[in-house]
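Shown below is the structure under consideration.
Chain lettering (A, B and C) follows the sequence in which the chains are written, and residue indices restart at 1 in each chain.
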Amino acid sequence: MVGIITYGAYIPRYRIKVEEITRVWGANASDITGGLGVFEKSVPDLDEDAATIAVEAARNALKRRNVDPEKIGAVYVGSESHPYAVKPTACTVGEAIGATPHMTAADYEFACKAGTAAIQTCMGLVKSGMIPYGLAIGSDVSQGAPSDALEYTAAAGGAAYVIGNNDPVAVINHTCSFTTDTPDFWRREGQDYPRHGGRFTGDPGYFKHVKGASNLLFEQIGTSPKDYTYAIFHQPNAKFPQKVAKDLGFKSEQIKPGLVVPWLGNTYSGASPIGLAATLDIAKPGDRIFVCSFGSGAGSDAFDITVTDAITSDAFHRDAAPSVMQLLKDPIYLDYARYAKHKGKIVMQS
Amino acid sequence: MRDVAVIGIGCTKFGEKWESSFRDIFVEAGTLALEDAQLSGEKIDAMYVGNMSAGRFIGQEHIGALIADYAGLATRHIPSTRVEAACASGGLAFRQAVIAVASGMEDIVIAAGVEKMTDVGSDESTDTLTGAADREWEGFMGATFPGLYAMIAQDYMHKYHMTREQLAQVAVKNHFNGARNPIAQFQSEITLDTVLKSTMVAEPLRLFDCSPVTDGAAAVIVAPLDRAREFTDTPIKVLATAQASDSIALHDRRDISTLDATVAAGQRAFRMAHLTTNDIDMVEVHDCFSIAEICAIEDLGFCRKGEAGKFTADGETALGGKIPVNTSGGLKACGHPVGATGIKQVCEIVQQLRGTAGRRQVDGAKIGMTHNVGGTGATVAVHILGRV
Amino acid sequence: MTVARFWRHLPQRYNMVGTKCETCGRHFFPPRSFCPDCRRAGKIVEHKFKGEGTVVTFTVIHTAAEQYSMLTPYVLAIVKLDEGPQITTQIVMDPAKAKIGMKVKSVFRKIATDGESGIIHYGTKFVPVE
């Protein structure tokens, strides 16, 4: 039974509030918080990036369970802010957790769903018997262009999943995907900031693909929203996941534990993985969890997960690493100038 | 083993010498020393020159040969050796010269020190100086040289409760002395306020706790004692030469705020000369930072561990005090052309013992000491000199 | 720092891999292949440090080398690892709260970058244990 052996998340300590960003650009804070349902977002420290976040998330996962890192046969890191265009984040992570050299690795990019794509790949390698454990990470220090709508939500964070079939804490019963060539949001090579199609990102983007993958999964395994204890949807803001959940027939209590975007922002490749981590943090044996990610470009990965007894067994120590709620506590707030310094938005002399 | 004497000294003015090159300043110091010894260059048998980092400051290695060449001695093919131990390069060059003469291997030997630091910008010079520490495990982790001494200061103040004002007095005293030294980079006195209000560099050390970046050169000539009077009426005998090493990284030391290499070299020097601290009339110590002087006077034995702050504040290390320390103005006021400092210290003691130290003269000076440190204490050279 | 020089110490920089002398029990970081106490009688084995320790002394750097100038003011400290060796490292924290005797633990961070096009030097810093 392939599933999640252990998981971990990491969120940087710094935050900036939406009203501090609106102050600089002359926008109205309550329009944004009301319209997007986001109040503040996480900001990386000056010495953090998608690789350091990926390592911390992976190490947090390994603190919770005794997994021999040398048995991790694959590492995939999904991000749209990999520190190098060429030189995989996955190699740095593999080295930092002691999984090298007997492993395969690669970096993934698929906007906000690169992390879930990594989970699917690890499932395949484990299910086929090619590797005992695979490590899938979604990690980002996402950029939003100054004064663009995305600047209010583009945040930093990541989560890591060790996939295996030896006593998982949550079995991944099924996964399927819905993918098309849709230019809703993109970034050309060498450009600092992404661009997007405005309202086009909604129905032809997010909603089409999330509904496409979700309905495909319900059809393939004969389930419906009422069968699930919890559901996590990709969360670029609070409104989209709340709307798609309602449209599909989920209730707001189902999506509540996994909806962290109001205080975290959109961590892009980290978004669905962190939402799932927040849900696993409070899940009980027998809980059934539905996950549907979304990445612009565009595609969605849907998952049907059942939490097992292992999550409360002696083999798994949930408290050995910080929960998502703990990671969100005691933030350090920045003003816009310091935020810009942290995000490399200030032009320095070269 | 023969007795060795200093027969001539020469020192350029220290400072930012924009018009002078590395070669210029060495030649100037060497010429002054030869004139002082009334010696012509052909009599020189060998040269030792202390220089920390000409390779990075001016992109030049092979300093021994360069200096012999520009001193006009290359055509005589004398042996010329560059000695390096970061900020203790000068002290070690002096020791090598003394050993060469004491052993009977050479007769008349120049020990020089030279550093030209201002041909590069301050980012480059700061990074170069970090090479005196452990690049791999201190520098690369974000340690700066002032940062390392600042950690020594924090450890010291935590253990012995010296006040910030007491520490600042070291700089005030040294500037007072420096204002009476024609070669010093800084010629004005300062107040406690000057120190306490200057820019913070690495807590608790401020700009005025730190010696500056300086160009300068110094040279001394040593000869067998029994021939010294051929050259000078005031030969100064080398009573002891000692050197010690310790771990390069501060974090590997036995005690963060005790320089064990100073303790070892000091004890060896006193033993060799059959003297104690009571016999010393003045001492030039290595005050690359104010805290370094505090540790030095304790580690050499001039006062007990933990008491140097009060000792300084009470004026015991001032010109009229119990044991004048850094009558030259120290590294703080003279400036610190790295390789030259150890030789400059010898020049100062020789002047004191000859009675030619002008407004900084210590009355009746008979025996003096020099203390030169490399890095945060990984190399220490100590010398004792006395009137004959 | 050049590529080879950085790379050869990755186990030390990323994972605090040092050595231990099984004969006398002394730990070494960075690794030593020869015990200075036991000398040839020392049996040296690899040891991965826990990454926990105590602050022995520290300073707050205000004027830094160029590579670290964006981080100032930052805390530089000597930390005594629980296993014994002392190391020099940065502590990521509010400088005003740094204290001798604080307990700290390791985190994975960027140490430096070789400009805009050179490699990124990752490594270990420390944070206070809360």
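By definition in this document, a contact is a pair of C-beta atoms (placed from the backbone, for glycine too) under 8 Å apart; a residue touches a chain by one contact, two chains touch by 3 or more.
These numbers were taken from a predicted model, which means no experiment stands behind them.
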| item | value |
| --- | --- |
| Identity of the chain that, by mean CA position, is farthest from chain A | B |
| Chain ID, smallest distance between chain and overall C-alpha centroids | C |
| Length of the line joining the C-alpha centres of chain A and chain C, rounded to whole Å | 31 |
| Whole-Å gap between the CA centroids of chain A and chain B | 59 |
| Shared-contact residues (touching 2 or more other chains) in chain B | none |
| Multi-partner residues of chain A (at least 2 other chains) | none |
| Junction residues of chain C, two or more chains touched | 71, 111 |
| Complex contact set, residues of chain C against chain B | 1, 9, 30, 56-66, 68, 71, 74, 76-78, 86-90, 95, 100, 111-112, 121, 123 |
| Parts of chain C lying in touch with chain A, wherever the complex brings them together | 10, 14-15, 70-71, 92, 107-111, 116, 119-120, 122, 125 |
| Of all residues in chain A, those that touch chain C in their complex | 45-49, 51-52, 55-56, 59, 83-84, 87, 92, 95-96, 98, 341, 350 |
| Chain C partner contacts - residues on chain B that touch it in the complex | 123, 126-127, 130, 134, 136-144, 146-148, 150-155, 158, 199-205, 249-252, 256 |
